[in-house]
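Here subunit A shows up in two complexes: once beside subunit B, once beside subunit C.
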Partner chain A sequence: MTYAYYPGCSLKGTGRAYEESLLAVFRALNVDVRELEDWNCCGATTYMSVDELASYALAGRNLALAARENKDIVAPCAACYLVLNKTQHYVHDYPDIKTVVERSLASIGLTYSDKVHVRHPLEILLNEVGLQAISARVKSPLKGLKVAPYYGCQIVRPYATFDDQLNPTSMDRLLEACGAKIVQYPLKTRCCGGSQKGTLPEVGLDLIGYLLAEAQKRGAEVVATVCPLCQFNLDVFQKEARTDQKSVSIPVLYFSQLMALALGAPANAIGLQRSLVPVTPILAKKEIAYA
Partner chain B sequence: MELKRIIKFEAERDPEFSRWISHTVGGENIRHCLQCGLCSGNCPLSLYMDYTPRRLMHLSREGFKEEVLRSSSIWLCTTCYNCMVQCPKGINITHLMYALKQRAIEEKLYPKHFAIPVMARQFSRMVRKSGRITESWLIVRVFMRTAFWRLLGMSHLGLKLFRAGRLGLKPEKIERRAEIATLLDSVTAVKKELAL
Partner chain C sequence: MPEIQTPSGSDAVRIGVYVCHCGTNIAGTVDVKALTEYAAGLRDVVVAREYKYMCSDPGQGLVEKDIAGHQLNRVVVASCSPLLHEPTFRRAITRAGINAFFLQMVNIREHVSWVHLDKQKATEKTKDLVRAAVRRVALHKPLQKRKVPINPNALVVGGGISGIHAALTLAEAGKQVYLIEREPTIGGHMAMFDKTFPTLDCAACILTPKMTTVVSHPNIKLWTYSEVVQVDGYVGNYKVKVKHKPRYINEELCIGCQECITACLYKEGKFPDEFNLGLSKRKPVYLPFPQAVPQKVVIDPETCIEFKTGKCKKTCIEACGERLAIDLKQKESFEEIEVGTIILATGFKTFDPARNPHYGYGRYPNVYTSLEMERLVNAAGPTAGEIVLRDGKRPKSVGIIHCVGSRDVNTNRWCSKVCCMYSLKLAHLIKERTGAEVFNFYIDMRTPGKGYEEFYDRLLDEGVHFIRGRVAEISDWAVHPSEEGKLVIRAEDTLAAFVRRIPVDMVVLSVGLEPQADAQEVRRMFNISCSTEGWFLERHPKLAPVSTFTEGVYIAGACQGPKDIPESVAQAGAAAAEAMVLIDSQFVELEPYTAFVMEEECSGCKSCIPLCPYHAISYLADKKKASINEVLCKGCGTCVAGCPSGTIQQNFFEDQEIFEEIEGVLAYA
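The block that comes next holds the complex of A and B.
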C-alpha cells in the first residue's frame, strides 16, 4: 500500500531533519510513501485562533486531495496530525461545519471525504512493519543509548487513536527494538510551550527547562521527539532554558533519526548535523557506528 | 488607599456573553461544569494565569465578559489538550480557549503590539497568498511588527540555524495558489449565508 505523505511546512524548514530521517526509515523498511500532490498548510494551531471554519476548509483540501489519490495520509508533524484528525471529528459532529467544508471545497472542484485515514509514522512502523521486522534490519544497534522518549501533546491528545493519552509507549518500543535503553520519563506528554517561546519568552523558557532538567536528572543521554516544534524548542533554546541544574547539555533528536541511524543510514543524510546541540560526541562515547 | 468594589452585582453581568459561550462549538456542556478543578490541576500553564481554567469556565458561563476577555489565560493556553481529556463533564475547554481568543481579537481586547494576534494575522495572510508557511519569513514579519529590537538580538541564532540548513529563505508555495483564495472566500460566503 502506498501512503500519501503529508510533510507540512515545518518539515520543509526548521524540521528538515525529521523529513530526511523519516524517509530514510521508510525506505529501509519498504514503506511506500509518495508526497501528496500540491498539499497546502493545514493551518496548524495558529489559524484556529483567527478563523476556525477556514482552518477546517484548509485541512479539508488536503483530505480531499488524498481521497482523489485513493490513499491514506501519513502525517509526521504533531500539529498537522492533530488538525487533520480534528477536522474529521468536527465535520462528523457538527452539520454546520460539514456544510461549510463541503461547499467551500466544491468551489475549487474538490469533494470532502471521510474515508481517508490520517495515520502517524509511529503507528505505521509499529503496526504495519512490526517490531520484529525492525529488529531484524538493525545494522548498527544503539548499544543501550539512554533515551528519554518525549511525545509532547498533540500526537496523543485529544485523539488517542493509537496510544495512551498520558502514558504513550509506541516510540519507547520502536527505539528499544533498535537497541536503545528507555529511561522512565514521566514528563513524556507535558507541553514544551509550543510557540510560547516566541510570544511569551519567560514562560516558554521555564517549560523547556523543566523538560530538559528532568531528562538529565533521569540519566538520559538523548531526548527523542516526534514533533518539529518540540525538537526546535528543546534543541535551539537549550542554552537559554531556565532550570535548577548547573548546566544542561543533552542532544535532542527525532525518533526517526535514531531509527535511521540504527538502520544504517549515513549521518549527514538524516540531518544529524542540523542539531544545534552536537550529537556526535555521545555516539562516539557509546561507540555507536555511523557513516 | 484606593478602594474598589471587587464583587459584581448581577445586573452588571453580560447575559449575551453567557449565552454565546454555551452555544459555541465545544461549550455545549459548560453548564454542567462541576468546578472540580481537574483542568487547572493538569494545566501546565495555570501557574502563570490570572484566572485558571476552572475559574475561567465559571466566569464565562456567568457572563463576566470583561474579566474573561482581558484575562492573560486565554493567551497563555498552548492548546495541549490536557484539560479537555481530563474533564469529567466533556467540556471542550481547549476549543473554548480558541473561541475566547477569536472573540478577544474581534473586540480588540489585547495589549498593543501583542505578538499572538499579530502572528495569527501574518500566518493567515501567508497561507492565503502562498498556500504554505515559510517559517523564516513568518518569524521576521512577526518580529518586525512586535519587537524589532529582539529580531536584531536573534541574528546570531538565525545565522546558526541558516548554517544548519534549517532556515530556508526561498518562499514555499503551492502550484494552484488561486485555489486557496477561492476556498477561503467561499468559506466566508457560506458562513454569511448560514449566519455562522
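The block that comes next holds the complex of A and C.
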C-alpha cells in the first residue's frame, strides 16, 4: 500500500528533523509513502481559533486530495493529525458544517470524502510493519538508552484512535524494539505548554519545566516526542524553564530520529544536528554507533 | 370451572375486540376511540370496546359479559405484551366458557405507544396490528394445555451467600437440593470480608455457621469444584449435566487434617494464593482458607512438582498414609441429575482497574483494589488484619477512590450500589487500626438503607475526610518536597472549586461490580436473558424480580445486578419460595404449541428426525411415516420449517394462521 504523506508546515520548517528521520525510517522498513500532491495548510491552531469553518474546509481539501489519489493519509505532526481527525468527526456529526465544506470544495472542483483513513506513523509502524520486523532490521541498537516517551496531548485527546488515551504505549514499544530502555514517565500525555510560551510565558515555562525536570529526575537520557511543537518547546526553553532542579539539560528528539539511528541512518541525514541540546555526547557515552 | 364449549367448525366466527387505554400509557399516544371504531367495522367483528384498564376486574367483566351476550367465540385484546396479561385474558374467556386459545393479544403498548411519538401514525399502526389479529383469530383452533408432573428436587448454582441461603431455605422446607459451586469452597465474596456494613459485625461469624450447615444438611448435596455444563428439559423436568473438576483428592476419604500440606516439599508457600488475591503464597496442595467448606484440600496440577516433572518424592501421599485420600490420577468426571427447578446465584466479579490506567493499578505497588483491602483488614487474611504497605510499614495516609469502574461512560455506566458503603467501612477500619488520615474521593455519597446514612454520619464524626470530586490521576510525580515518595491523588474538589493534589502512602480503588465473565454462556445454557450490561434479566423489574422468562429458572443475588448482603439474602429467600410454589403445585401446565405430522401427506423422508434437538420425532416403520412425541416436543418449530413437503404443522402457528396474520397486517384498510 502506498500512503499519501502529508507533512504540513512544521515538517518543512522547524520540524525538518522529523521529516528527514521519519522518511528514513519508512525507507528502511519499506513503507511506501508519496508526498500528497498540492497539499495545503492543515487548518490547525491559528485557523481553528479564528475561523473554525475555514479550518474544516482547509482540512477537507487535503482529505479530498488524498481521496482523489485513493490513498490513506499519513499525518506525522500531532496538530495536523488532530485537525484531520476532528474535521472528519465534525463533518460527520454536523450537517451544516458538512454543507459548507462540500460547497467550498465543489467550488474548486473537489469532492469531500469520508473514506480516507487518517493514519499516524506510530500506528503504521506498530500495526503494519510490526515490532518483530523492526527489531530484525536494527543495525545499531540503542543499548539501553534511557528514554522518557512523551506523547503530548493531540494524538490521544480527544480522539484516542490507536492507543490508550491515558497511558499510551505505542512509542514505548517501538523504541524498546530498537533497544531503548523506557523510563516510567507518568507525565507522558501532559501539556507541553503549546503556544503559551508566546502568550503567557510564565505558564508555558512552568509546564515545560515540569516535563523536563521529571524526565531528568527519573534518569531519562533522552526525551522522545511525536509532535513538532512539543519538541520545540522542550528543546528550546531548557534554560528558561522553571523547575525545582539546579539546571536541566536533556536532549529532546523525535521518536523517528531514535528509530532511524537504530536502523542505521547517518546522523546528519536525520537531523540530529538540528536540536539545540546535542544528543551526540550521550550516544558517545553509551557507545551507540552513529555515522 | 364451567364446561369448556368450543364452537364447532360450522359455527359462524363471532369476534369481540377490546382496546385498552392502559391509563395514558396507550391512550396518550394512540387514538383508542378511532381504533375501536375501526375494529368494529372489520370482518367477523361483532363488538368492539375500549376501556381504561382492560386487565382490571371490570375490564375482564366486559369481555365475559359480551361472550355471553353476543355469543362471541373469538376474542382480540389490544393492550400490552402477552407476557404480562395473556394468562389474565385466557382465564377470563375460559370463565365465560370458551377455549383459552380463542384469544389473540395485540401488543399496542410496548410495540406502539411506548416506542412512537406521532399519534396519527401510531394509531394507523395499531389498526394494522388489530386487523392482523382479527384475521388470525378466526382460524384459531381449540387447544388444551398439557399437564406434567414436577420433579421436586431443586438445583442451586453458586455457593455464595445467595446460593447458600436459597439452598438452606429449600432444604429446611424438606426439598432435596443440589448446590453446585465452581470454586473448591463455598462462601463466595462474603467469605473474603472481615466486617460487614453498617453494623460492623464479623462476616465470618454470620457466614461460616451457614456454610457448615450446608455441608451437614441431609437434604443438600453439595458439589464444590464442579460446574454445570449442559441443561436440557423444561420447567419441572430439567436434566442437568455437571462436571466435577479433579481436585486430586478423594473427597470421601479426605478428613481435612492438612498433614499433606505440612509434608509438601515446598516448605513455604510459593504460588499466588487465589483466595488472598495473590497477597500471600500457598503451596501446590492447599486449603483455600482455614474455614473453607468442605474441609477438603485441593492439589493444583499447574504448580505441583509431581504433575510437572513426575519426579516428586510425594511426601504428601506418605503423610496421608492409610487414609489414601490423595489420588493423583483423578480425572474430571460428569454426572447427570434431574431437577424440577433451578436457582441461579452465580454472583459478580469486581471491575479490573487496569482498565483505568490513570489510577496506576499494577504500576504503583501501593495502589490496592478494595477487595484486596478486604483481605488485608481481615483477621484471617495474609497480614492477620495488619494494614501495611508492600514494604511492611504502616500507612500514615490513605486515599479511597470511589466509583472506579462505576458511573463512568468510559467503562461501566451503572452505580455499583455497594461501594459507598464498603468504602465507609474500609475507611473506618483503616482509621481505627492505623490512625492514618483517610481521604474519600466521591462523586455522590449514596447511602440509602437501614442504618447506612447514620454510618456515614459516624464516619464524618470520626474525622475521615470526604472530598467531592472524581479523581483525575494517581501518580508518583512529585511537584513539592512533601510529595516525594508518595502517591499523589489529583482531583477537582467540586465543593471548594479548585484542584487538589493530595499525597498519600496508600490508595484503595473502590472497584465496581460487573457481571461474571462467563455470564453470557451461563445465560445461554439456562436459556434466560441478560440486560444490555450483562446482568441476568428478571421477568419483571418490579413484580417478578427473581423469576426469569424461562419457567422454573430463578435468579438471586448479584448475578441480577449489584446488591449488598441483606438484599442478596432477601432475594435468595424469595427465589426459594417461588421455586417451592412450583414444586408444591406438583404439576405444571405446558403450552400446547407442539408440532404434529399430517400423516396422509407425509412421505416418510425422515429429514425431520435428525433436525429435532429434543429427539421427539420417531419413524413409524409400519406406516412409513414420521411421528412426533407430544410430551418431548418443545414447539421450537425446527421440523416445521425443515419439512420439505410442509407436512409438519405446529399448534397455534399453523401455516394458514400465519398467512392470514401476514395478509391482515399488509392489507390496506
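We take it that the second predicted complex is superposed on the first by the 291 of 291 C-alpha atoms of A that agree within 3 Å, B and C clash if a C-alpha of one lies under 4 Å from a C-alpha of the other, contacts with A are read in each partner's own complex, and residues count from 1 in each chain.
The rule we apply is simple: a contact is a pair of C-beta atoms (placed from the backbone, for glycine too) under 8 Å apart; a residue touches a chain by one contact, two chains touch by 3 or more.
Since this is a predicted model, take the numbers as computed values, not measurements.
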item	value
Which partner, subunit B or subunit C, touches more subunit A residues	B
Contacts of A:41 with subunit B and subunit C, given as first, second, both or neither	first
Partner chain(s) touched by A:132 [first = subunit B, second = subunit C, both, neither]	neither
Subunit B versus subunit C as contact partner of A:247, first or second or both or neither	neither
Partner chain(s) touched by A:186 [first = subunit B, second = subunit C, both, neither]	second
First (subunit B), second (subunit C), both or neither touched by A:99	first
Touching both subunit C and subunit B, counted on subunit A across the two superposed complexes	166
Parts of subunit A lying in touch with subunit C, wherever the complex brings them together	164, 166-167, 184, 186-187, 210, 214, 244
Touching residues (chain side subunit A, partner subunit B) in the complex	9-10, 12-17, 38-41, 43-54, 57-58, 61, 90, 94, 96-97, 99-100, 103-105, 107-108, 153-154, 157-158, 160, 165-166, 190-191, 193-196, 198-200, 203, 207, 236, 271, 273-276
Residues on subunit C engaged by subunit A in the complex (per definition of touch)	356-358, 360, 363, 473, 475-477, 479
Interfacial residue positions of subunit B with respect to subunit A in the complex	25, 44-45, 48, 75-76, 78-82, 84-85, 94, 98-99, 101-102, 105, 115-117, 119-121, 123-124, 127, 131-136, 139, 142, 157, 160-161, 164-168, 172, 174-176, 179-180, 182-188, 190-191, 194, 196
